[in-house]
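Look for subunit A in each of the two complexes below; its partner is subunit B in the first and subunit C in the second.
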Partner chain A sequence: MTVSPNGSLGAESKTHAMGSMYLTLMRTSIISQFQYRAAAYFYMIGMVVEPVIYLIVWSTIARSHGGEVAGFTPGTFAAYYIVWMLVRNVNIVFTPFGWEWRIKEGNFASQLLKPVHPIHYDLAEFAGGKLVVIILWLPIALALSLIFHPSLHPSLLQCGVFFLAIWGAYLIRSLVLWALGLITFWTTRVSALYEAYFLAELLLSGRLVPMQLMPRWAQTLSWAFPFRWTFAFPITALTGPISERELLEGLAMQALWIGVGTIVVMLVWRRAVARFSSVGG
Partner chain B sequence: MTRRDDQRTGAVRLAATFLRVGVMNEVQYRINFFIQLVQSLLTIATGLTALALVFSHTDELGGWTKPQLLAVMGVFTMVGGLIRTVIQPNMQRVVEDVREGRLDFALTKPADAQVLVSVRDVRFWQLTDVIVGLVVLIVALVQIGDSVSARDLAVFIGVLLVGLVTIYCFWLMLASASFWLIRMNEVQELFDGIYRAGQYPVGIYPGWLKYGLTFLVPLAFAITVPSEAVTGRLTWQAVAVAGATTVGMIVFSRWFWRRGLRRYDGASA
Partner chain C sequence: MPTEPVVVVEQLGKVFQVPVREPGLRASLKSLLHRETRAVVAVDAVSFRIEPGEVVGFLGPNGAGKTTTLKMLAGLLHPTSGNCSVLGHEPKGRPAALLRQITLVMGNRNQLQWDLPALDSFELNRAIYRIPRADFLRLRDELIELLELQTLVDKPVRNLSLGERMKVEIAGSLLHQPKVLFLDEPTIGLDITMQKRIRSFVADYNKRYGATVMLTSHYMADVQALCKRVIVIHHGRILFDGALASLAERFSLDKTVTVRLADGEEIKVNAPRGEIAAATGKLLAENDVVDLTIEDAPIEDVIERLFESEPAK
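Let's turn to the complex of A and B:
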């Protein structure tokens, strides 16, 4: 091991070093995910069920009401919930519940010795796993499309924004949940708080139902939280209906929340790590 | 009494002792009751919100009215709680023990291994879900307004127990699969994911899924059939199919478990 590269490297080579660290971590994560394909598929099949339930329930309602509910047909519901699956999978990040284990096992101490902020390890590792997830998702999406006949006609711009938006959503969710997980440095009785957070997210993000089916007040309330930019926006970016203006607005809101998330993580992290002490590790 | 009868009463006594010790262990941590209760309430809040959203756009779903679906939600929550109290923790421990090579400790004991691995853990506080689910079920029954006779109640409890046995058999098969597959951490996610489908009666799903949720993952017997029993929808054909399938699953899961066991060669001990 050479000495800490922090002081000795210029800004350019620092970025370069960070880039190659990300690539290496992502590659390792891809390899280990592929190693356990069966496990990954188990996981995904479990996850398929949730959107399929929503999809069947809402298509049933649409059909019993002359083929449409709040502007959604069975076909557009199918498109929404099939894209939902991809967005949901890309959205999976290090869980705040995991912090208890990290701290308890004491193996977090070794992370602190490394010259890079530990969030980069999580970001890179989970991002690498996403590439596997996308490949595994394709056959599932194909099968579901054959069963449920989604009507999906995105423009080129929509596809481009969608591609950016899923990674924007990934970053927002990573940052916010990381910050939330850091509360574990103060107290471990946080599971109820996390559950409440996930409930709010489920209801105000477009995960349970498309935003258009929510009551007005809930739609308005959703603007105060980052949730809708991690589910409803990326999904609707691809499935529509969405205007060009809304597409750009959405990206801007994502950028805003990424900024907020980064600042919060930096502030909380500094305080949290000051409290941390560990033996061994 | 024959030797076989002896063994059987022995197994029941063994299970009772293990369960009692498990409960005593859990009761020491009383604060967990409140944590679990909050979690149960948040989960039911999610379910009720989803139901409210559905019924803000329609009056009935696949022939079920709102109070009837509320009853299904109550049963779904109760059964989920029972699964997480006794079935899931034990079966997951089998998966872990097989991977870590610790199953030897259970196998070397002078009792039926299947009984032993099925009663080692009790998550007593998960019973909060049973309480919350029961409250929801009672509210639903009051809303439906038809009186529930003692006979209905007996049938309900009967089919509920049968349903739980099928779920146990299903979990035993999942756990036995760990003799062949190494990494089964995700098996719980798989089950939890599929279990969610039970919050609606299986009749609303398209054919392939309906049969899958009946015979592949027997949620229909554990949730839909008991719900039908308390909402006056139960047919005798459904009870007969449930009974026959359960017997089949008991036999098959035991065979599968023993086959897996033969493959097992411990690495520790």
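Let's turn to the complex of A and C:
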């Protein structure tokens, strides 16, 4: 056995080792997802229902208003909600409800014993799951396109920004919900608070309706929260209309929220883990 | 050359604030406005040291503070008072350099990926602990052989029996070749054969790698087979810390003489240690004895006597 006993196992650089860990965790996550193929399909069917309802409602309203609502036609609504579906799926992260389960069931101890910050497990595991989701989304998006005829003509720059923005959105949502989930270390039943958060997100993110259709005050208010950078921005980055300046501003705002989220998680984590009582295990 | 202790614990304490509420609707409503808590002392100013390569049994009844102490040593819980260090590191900061060198196996907890074959979880541990691939493969195969896991590691963990899962858990926990093993009830719920196999594996690992082991178990057979030294804890305080043999000497005042007579009859006589020679002589003189054994009281009885000597708080 040649493993060094001082804990610095191997000669891999820290970055390389972290990259290797992420790839292995993502791979494990993909294998796990394929263990339950039927569940993955049912999950996708569930994910289709919400945007299709929004799409049908808004397309109907647009038609009844002479084919357009606030600049949105049935074709642009179709583009918005088909892209919405991908963004929503990439946005799925470890939720605070999961934290309640972790703390109550005592399942967190095994992660705390590992020499890596536990947030990396969640980031890597959920990122791995996205690859499966994207594969499953493609035929669904194709079918919906044939039915609803989306009006989608992105530029190369928009495609590039969209690719960065969906992962930026993933990081923002992961960090914010991680920080929120850490409240569970103080009190294990905080579902009501989480529900309030998700309601605010629904209204101020562009998830329920495109931000352009919201009242002016709501649009202004949305700038003070991370929500719009996790839904409206990545969707609009691909579907438009959006200027080059707005694309770059959007990425900058995402970078800002990633920074804020990282600092908040680091600060709350230190205090939270000191309170960990390792319930039941 | 003197060596540094692997585990140093000084006046270590842990107090949990536990919510207290009387039963009933009225108490429920009252608790909305004012929540009462009670301080529960789980570990009370405990001190001990463990030298490299020692295998120490950590004994005590349920709720004595064994698991809480192990969790503090593994960095899972922050102490309320006192200090502890493991391999020169303070565990509460969970430094990666420490976590790479220790493991905590909890008999009732699953640390492997539930839906995947253990081999996938092993691979994950390789990446997390940054184990060079060649070393990983060598140690993995070694552990598979030693624990006879050949037919188990390619099945999803959820399909394994409790005993099989425990063996696989132990293998997964040792892939990074930890220098310190905290084993919390590693044989709980296992049949006798499996208990023996895990015991002999732990003994072998300790000899082969010079690892330090701290073990809690309700099965005294585990302790007797593995530990020369025991620490007995009760109500969060240490009642005894020393050699297992001296524990029996100190708290087992009686010995049992058993003789088998020529006609097959068996006679048992309990006598204080100081009078055991006279009692044996008398038995031999008065009977047609064909076989004779002198035994200490079972270790379970000794421990029970020790707990009884400590009044409940």
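Following the convention adopted for this analysis, the second predicted complex is superposed on the first by the 266 of 281 C-alpha atoms of A that agree within 3 Å, B and C clash if a C-alpha of one lies under 4 Å from a C-alpha of the other, contacts with A are read in each partner's own complex, and residues count from 1 in each chain.
Following the convention adopted for this analysis, contacts are C-beta pairs under 8 Å (C-beta built on N, C-alpha and C of every residue); 3 or more make two chains touch, one makes a residue touch a chain.
Predicted, not measured: the structure shown is a model, and the values here were computed from it.
With both structures placed on the common chain, the touch criterion links A:L208 to subunit B but leaves subunit C unconnected.
When the two structures are aligned on the shared chain, A:I31 is found in touch with subunit C, with no touch to subunit B.
Residue contacts after overlaying the shared chain place A:P241 against neither subunit B nor subunit C. Touch criterion not met for A:G66: it reaches neither subunit B nor subunit C.
With both structures placed on the common chain, the touch criterion links A:P115 to subunit C but leaves subunit B unconnected.
Annotation: subunit A residues 36 touch subunit B in one complex and subunit C in the other.
Of all residues in subunit A, only 36, 38-40, 42-43, 45-50, 52-53, 56-57, 60-61, 64-65, 69-70, 147, 189, 191-192, 195-196, 199, 202-203, 208-209, 213-215 touch subunit B in the complex they form. Those residues of subunit C lying in contact with subunit A across their complex are 16, 71, 74-78, 92, 94, 96-101, 103-104, 106, 108-111, 113, 115-116, 120-121, 123-124, 126-132, 134-135, 138-139, 156, 176-177, 179, 209. The residues of subunit B lying in touch with subunit A in their complex are 35, 38-39, 42-43, 45-46, 49-50, 53-54, 56-58, 60-62, 181, 183-187, 189-194, 196-197, 199-200, 204-206, 209. The residues of subunit A lying in touch with subunit C in their complex are 1-3, 5-12, 17, 20-21, 23-25, 28, 31-32, 35-36, 106, 109-110, 112-116, 273-274, 276-278, 281.
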